Amino acid sequence: MSERLFINQLSEQTQVDDVYRAADKQLRANRQGNKYILLKLADRTGTLTGMFWNAEDRDFERCQDSEYLHVKGRTQIYNGNMQMIVTGISPVDPSQVDPADFDMFDASASEQAFARLKELLGSVRNIHLRQLLDACLADEEFMTRFKQSPAAVTNHHAFPGGLLRHTVDLIELAQLIGPRYPQLDIDLLTTGAFLHDIGKTEELSSGGELTYTDRGQLVGHIVIGVQYLADRIAVVEAETKSPFPVQLKWHLEHLILSHHGLLEYGSPKVPLTREAIALHHLDNLDAKLAAATSIIDSDISGDKNWTNYNPSMGKKLWKSPID
Amino acid sequence: MSERLFINQLSEQTQVDDVYRAADKQLRANRQGNKYILLKLADRTGTLTGMFWNAEDRDFERCQDSEYLHVKGRTQIYNGNMQMIVTGISPVDPSQVDPADFDMFDASASEQAFARLKELLGSVRNIHLRQLLDACLADEEFMTRFKQSPAAVTNHHAFPGGLLRHTVDLIELAQLIGPRYPQLDIDLLTTGAFLHDIGKTEELSSGGELTYTDRGQLVGHIVIGVQYLADRIAVVEAETKSPFPVQLKWHLEHLILSHHGLLEYGSPKVPLTREAIALHHLDNLDAKLAAATSIIDSDISGDKNWTNYNPSMGKKLWKSPID
Amino acid sequence: MSERLFINQLSEQTQVDDVYRAADKQLRANRQGNKYILLKLADRTGTLTGMFWNAEDRDFERCQDSEYLHVKGRTQIYNGNMQMIVTGISPVDPSQVDPADFDMFDASASEQAFARLKELLGSVRNIHLRQLLDACLADEEFMTRFKQSPAAVTNHHAFPGGLLRHTVDLIELAQLIGPRYPQLDIDLLTTGAFLHDIGKTEELSSGGELTYTDRGQLVGHIVIGVQYLADRIAVVEAETKSPFPVQLKWHLEHLILSHHGLLEYGSPKVPLTREAIALHHLDNLDAKLAAATSIIDSDISGDKNWTNYNPSMGKKLWKSPID
Amino acid sequence: MSERLFINQLSEQTQVDDVYRAADKQLRANRQGNKYILLKLADRTGTLTGMFWNAEDRDFERCQDSEYLHVKGRTQIYNGNMQMIVTGISPVDPSQVDPADFDMFDASASEQAFARLKELLGSVRNIHLRQLLDACLADEEFMTRFKQSPAAVTNHHAFPGGLLRHTVDLIELAQLIGPRYPQLDIDLLTTGAFLHDIGKTEELSSGGELTYTDRGQLVGHIVIGVQYLADRIAVVEAETKSPFPVQLKWHLEHLILSHHGLLEYGSPKVPLTREAIALHHLDNLDAKLAAATSIIDSDISGDKNWTNYNPSMGKKLWKSPID
Amino acid sequence: MSERLFINQLSEQTQVDDVYRAADKQLRANRQGNKYILLKLADRTGTLTGMFWNAEDRDFERCQDSEYLHVKGRTQIYNGNMQMIVTGISPVDPSQVDPADFDMFDASASEQAFARLKELLGSVRNIHLRQLLDACLADEEFMTRFKQSPAAVTNHHAFPGGLLRHTVDLIELAQLIGPRYPQLDIDLLTTGAFLHDIGKTEELSSGGELTYTDRGQLVGHIVIGVQYLADRIAVVEAETKSPFPVQLKWHLEHLILSHHGLLEYGSPKVPLTREAIALHHLDNLDAKLAAATSIIDSDISGDKNWTNYNPSMGKKLWKSPID
Amino acid sequence: MSERLFINQLSEQTQVDDVYRAADKQLRANRQGNKYILLKLADRTGTLTGMFWNAEDRDFERCQDSEYLHVKGRTQIYNGNMQMIVTGISPVDPSQVDPADFDMFDASASEQAFARLKELLGSVRNIHLRQLLDACLADEEFMTRFKQSPAAVTNHHAFPGGLLRHTVDLIELAQLIGPRYPQLDIDLLTTGAFLHDIGKTEELSSGGELTYTDRGQLVGHIVIGVQYLADRIAVVEAETKSPFPVQLKWHLEHLILSHHGLLEYGSPKVPLTREAIALHHLDNLDAKLAAATSIIDSDISGDKNWTNYNPSMGKKLWKSPID
């Protein structure tokens, strides 16, 4: 299995005969009433849509319960995106595959990022924030999910582990930039950066397809984050047997609540403190640059200078490097 | 003291010689550097701005610590608003006044409204909501503040007790309208109406001048409301020793979070359930009608048909009754 | 014909061999130049799109003039919507069908609603409004169209008779809610609710497909409603030989003109009176709840909790009942 | 009286001792409770605010019923605007003044403009539009008001006669530009230009201060214009004993309803025909240029190149001519 | 070749066997993986999409380098647009075709328009503007491109030569309308109209498909226009050995920069001078009328009164002429 | 003169008897027609408004031509701002003052910042950018103005030298952050940061009051910056006798043009390259943090936790430090 052609190695018109994880499988009818199977094929390097035209009910039934499929077919460009025209599928026993080939979540990169996170948080000197961060890091079950969570369903950091990656990047930005503005409280900014998107751990479901959870849709990561903060502060108060400073709690809540910057972007409060203003702009900087890089890196348009139009950015991007 | 002329009985050019509560007192300089005292005079029927021109420092010092003042002066219309030109003030011993004359918070009306609230909530049959409401009503300290809270700093229900009044009105609307839409869960709608603005108890400060608290400005009543709900659900779970249904909790959170209807009005989620849609529109109906009625009732413009321009409505209102 | 399977009884993969009304029929070419017939099939319970692939010109010609077709085919889900793959059509003589099976307009429900409307309007005591309402109800030709008109082309109450249904609901809301706000003139609010959408009788065409009329597109139901009001007031003045009170007329015009609430929603005036504010919010409440209910009731997404994304609402709705 | 200094001849620090029309007079108190009289002084060349400080009640009473006042005072610049510091006022008998000096409405200019209007309308050849225009021109009472109406309360053409002036200008633009676009029906465009603002005759009150009428506020000139059109079409139909073509009527209604161009500017319909598009843009062109010219011509800022900031334009304008 | 059926002469279901210019050719796969050739066929009267289904690689290779193709096929209406179902293509030697049949750029119309442009610009008397215009007209290479440039990629004047046509129309409007507003400097307005879109010569690429250039996307026609103006002023200064008046230069720059009217439409400055206000509104008038006429003239909807919905206008237009 | 009380050392009710620079002096009349002198007093630490009530014409005339005034008076808080009630002014001979006390422009800080700028720019390795930066730095006359220019009239960096300070800060941010995003070209980002606001050198006038120049209002700093870039590129091309790479020029223009991020903020292009996205967000971060710090540092509200409402931010800021 080590010789496999990974998804990010496929180019147009490649003949494929290999094993993939089926992140999604649906038996559908087209407008004319003919059946086909729509597959979302995945390995650790990416995902690819597969179309198995004129499929039979039994093709689908045979594979319905298999996570891994042996797939035959050929790649095509359709509407500017790569897809696979599948001509045959058969179930594969999970024991036959090397899970490391199929897991988009790069556990070792994640552990490395988590070690870096702990190192960065280690710089926080304020005793209350120190205790709070320790209480978060000690929440092992939650931290396991935190490490595997994406930061978004599309756009920037939309992969398992993306949330941790974005969080580490943001704290690094905060610690680089912070000292240039002597009025900023770096401990507070660091803690706010750690917490700002922590609710995404519960807002997004990272098994198989990236989707929103029911709680995510009804409550949203911003308020879930505030709820998780309350939970951890309760732990700190129980351990220290003394109340967490109430203004500091409000300030942390405010950092989470206001980080989208404007009401119309879903923040119920606009940033009213220097740290909240800094956090919002640093988050925006990292998210927008990560999104642009991901769009440019994965662009397959034929144009040398410009990407395809990206609907969530609302524009084409210029790819051309300086020379 | 029973013969006093209350603030809502004053008309233009009335000679005044009576006792008022000084909700606010400030010694100020005008542009020319002359000092004056700006007073916010209050009794249970309303508030009135008083200007004591060419005041001396000692006028101010003598009264600085007195909650009640004997005031001499004369009313005037200035820029379409009534004010009092004060010519003398002297401190009054609180033991000399009947507190009932000065308290905008009408305790007996409030108790009556609270009784009605309990009666309305009594109709809720769902066992979990029943337990939750009981846990709220049993929180005596909080309920005391709830009864005295305004619903807003300006606009609708901007007086101590206004929050309770608006809450009762909204539940009554919900129970009137609800049965017409068989898909609506009235228990849920009733509970949502009870909870929707409960965070205002902590967002607004009702002693003296109506203002926002620090927590109110940093966190806001919508999220404070969700936090209070969490607190009460924890009480229910402790009492019943069984978990509160999680989807029901999310639905209640969603009702609070989405009741402003749009992100740009400060709701981090738009209404996604029938009950949330109903709650938002009923809240809007009651708030807008209460605001219009308050503007028309307190209007002092000379125009028979039209109120003065109201900045928060962004328009003049038509006062004229049908004949 | 009484054993027929109605459209709202069809589920996926149902074999169909029955008679339907053809609300629309078009012979089309697909991108490859192959012909197909697109059918809009209807009975009194709903409509369904039918696709007759690889049709011949003569299939179309044979049925072109028939309102009723005998249809053979099979249902499918396509893109989340039910459709029928048609394999054969033949014309049916209208004399062979029971019109009651095919008429979305439920005449008896409509007569019942109209009786209720007259009862509700009967409560109006103001003599001028009384005369005006009588003059409207006496306009038999118009009332016949009013009873059959939809309230919209899509969204809420989008079926023949929907306008009357929405109007009755709105007046009932007004009469339930009104007495809670003593400043509201219920006679005026009732009359405004009756008139607010009356221009839709001329804006929308309810024969076959729901569409906009030329007058509807150029003038719109808001102004058409004001024009109908003028016409009826002229009748009242002719009958009573005395002028209708001019301020009352303006107030009625204002209620119609401002009921969308904001200029950007097509109201040339924002609500400036208490009755106009109440009417706008009650209309919004009923329209939004009716739309949500209709979306949830007709949703066919596989998700237990969430409907499909609804473009006109701009969101998915939560279907899950309380338990 | 022929030697009078007209308002547009006054400059800073001019000593004044002359007769003016008092368009408005109010006895007011300032914040300190001192009384003053606020005067709006007018003659045919313009208006000027006068402040009579420390006035006595009897100063006001003596002049309360006089339309004309003999005024003594001195001009000042205050906040970039000219005002008069009044030191004395006395009533003047109307028989002592030459009304021509005080009437902003220039009757002879208006008659000249009306003659030009009739000439321009005379070019319309379409028989139905011809009859409609004749029915309008024959409505003498209405035409008398039309000639004296302003086109706005502030901004462009805000003087009695301004509506006629703007209407004539717009028809001239239409007849100049129209022939360049062969698809435009000039008869229709001319008639639309004549009718587009005709409702302002009822929306604005031109006696004394320019203000909105009750009907203007509740209904608005756009719908009033459509109502006047209906009235005139009824006259034509009565005279010709034949129906006015219904599509032509809708098109005329559409021209009036859509001339503001966008819903948010108060048009309940956006322009959907070539003539409506042309009318909207020509109206905008004339209104914006007239407003800019009026701002620049009446600007009294000390800056050689830039006017004062104009709130309704939201900007300063560049005054500098090319050299 | 003179008997050819031009593209604007084709109607539905026309059998085609003729030569076209292939403005674009792409070999594509459909969802099922089958290949087809997508053609953009052109002659001087318009363009038409052609679909060659089930094409072979060799069909494509044979024609890949040919500008002209002999095409066999049949026209169809698909989704309201005309397309051609192509059944065969073969390369044609350019020497066999009459280029005049295939060039959308009508050189003689363009020369005629250019002569008219020079005549219109000849009226400018201001010496500096005179020298500037001469320096532009003397820039032969640039003027050649100016004559062939479209004014837009879609919407109004979207054809080679469209920019010159729109420019001439706009100057004619300016010279017609200008004299009605005595404060307008017609020389300046004329020069501004000539320059306002001149940057489109570099923003748009007019060979084959109309597209944006790299410079067009990165810099935009508004700033490119200001750059071209600087270049020409440098030429004038070199020739006259005297500086161009600096305020006049700023005014010309302002006319170009502000002609879109609002920041959100891409103008970095709003119009602040009378000439800039006039230029913006005249440009809008001509662009919107030209767009409406083009939509109505090319509409192929079956509806007698209404065009298809036009996405860039955001509406359907009324086609019906007066009768 | 070394013992003077500087403006930033004044507190409420301070008796003043010292020399100030009169940045502005105006003789005005108040509403009552009484004259007063409005002074803008300045020294190197700040500015202060002074009001000399009931001034005489000769007070003004005597001082009209003096840049420095000896001022007697007393400080006051008025509407939350400090002002001085002036009781006497007399002219001071410039030779008697130490210019260093009165110059807000801190020349030595500026030279230090300029040295830092040169050091930062020294890191640029790309040969073309290297030559361009050298050509800018060699433009001594321009650099002198660049060093003294403010970055804004209000809000952030609104003092002479503020532009250089903001530019240095932004380049430092770019060089700190840049290496974290390997796709970013730091040379390009550094050069873009240097150039982004360079047009402010011509847009703002820094002598006396900070104001906009005529060119600034008509053309704006964004386009002026692009013009200055063109000028310097011409110098480079003349010196190197080879063309500057055209794509690189467009990219630099794009960085300047798009740095406001959105059209509605005055950028005629939105950021389309990674460097443009990074530059916009870094500029926003520095500008918003600098503005917040300046608002909090200069706040004089009595509230311990909150600043006064700031109109350009549209909110109050939280001042409270963590404890």
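Labels A, B, C, D, E and F are assigned to the chains in the order they are written; within every chain, residues are numbered from 1.
In this section, contacts are C-beta pairs under 8 Å (C-beta built on N, C-alpha and C of every residue); 3 or more make two chains touch, one makes a residue touch a chain.
Values in this document were obtained by computation on a predicted structure and should not be read as measured data.
Annotation of chain A and chain B: jointly contacted by C, F, touch as defined at the top. Common neighbours of chain B and chain F under the contact rule above are A, D.
Among the pairs A-C and E-F, the greater number of C-beta contacts is found at E-F. Using CA-based centroids throughout, the chain positioned farthest away from chain E is B.
Chain centres here are Cα averages; for chain D and chain F they lie 44 Å apart. For the pair chain A and chain D, the distance between C-alpha centroids works out to 61 Å. As a whole-number value, the distance joining the C-alpha centres of chain D and chain E reads 41 Å.
Among the residues of chain F, those in touch with two or more other chains are 214, 217-218, 247, 251, 254, 272, 316, 318.
Viewed as a contact network, the protein chains fit none of the simple shapes, being neither a path, a ring, a star nor fully connected.
Shown are all chain pairs that touch, namely A-B, A-C, A-E, A-F, B-C, B-D, B-F, C-D, C-E, D-E, D-F, E-F. Of all residues in chain D, those touching chain E in their complex are 126, 169, 172-173, 176-177, 180-181, 183-185, 187-188, 245, 247-248, 251, 254, 270, 272-274, 277-278, 281-282, 284-285, 288-289, 292-293, 296, 315-318, 320-323. Taken in their complex, chain C has these residues touching chain E: 28-33, 214, 217-218.
Listed in rising order, the residues of chain C touching chain A in the complex are 51, 53, 74, 76-78, 83, 85, 305-306, 316, 318. Residue ranges of chain B in contact with chain A, taken from their complex: 214-215, 217-220, 222-223, 226-227, 230, 246-247, 250-251, 253-254, 257, 263-269, 272.
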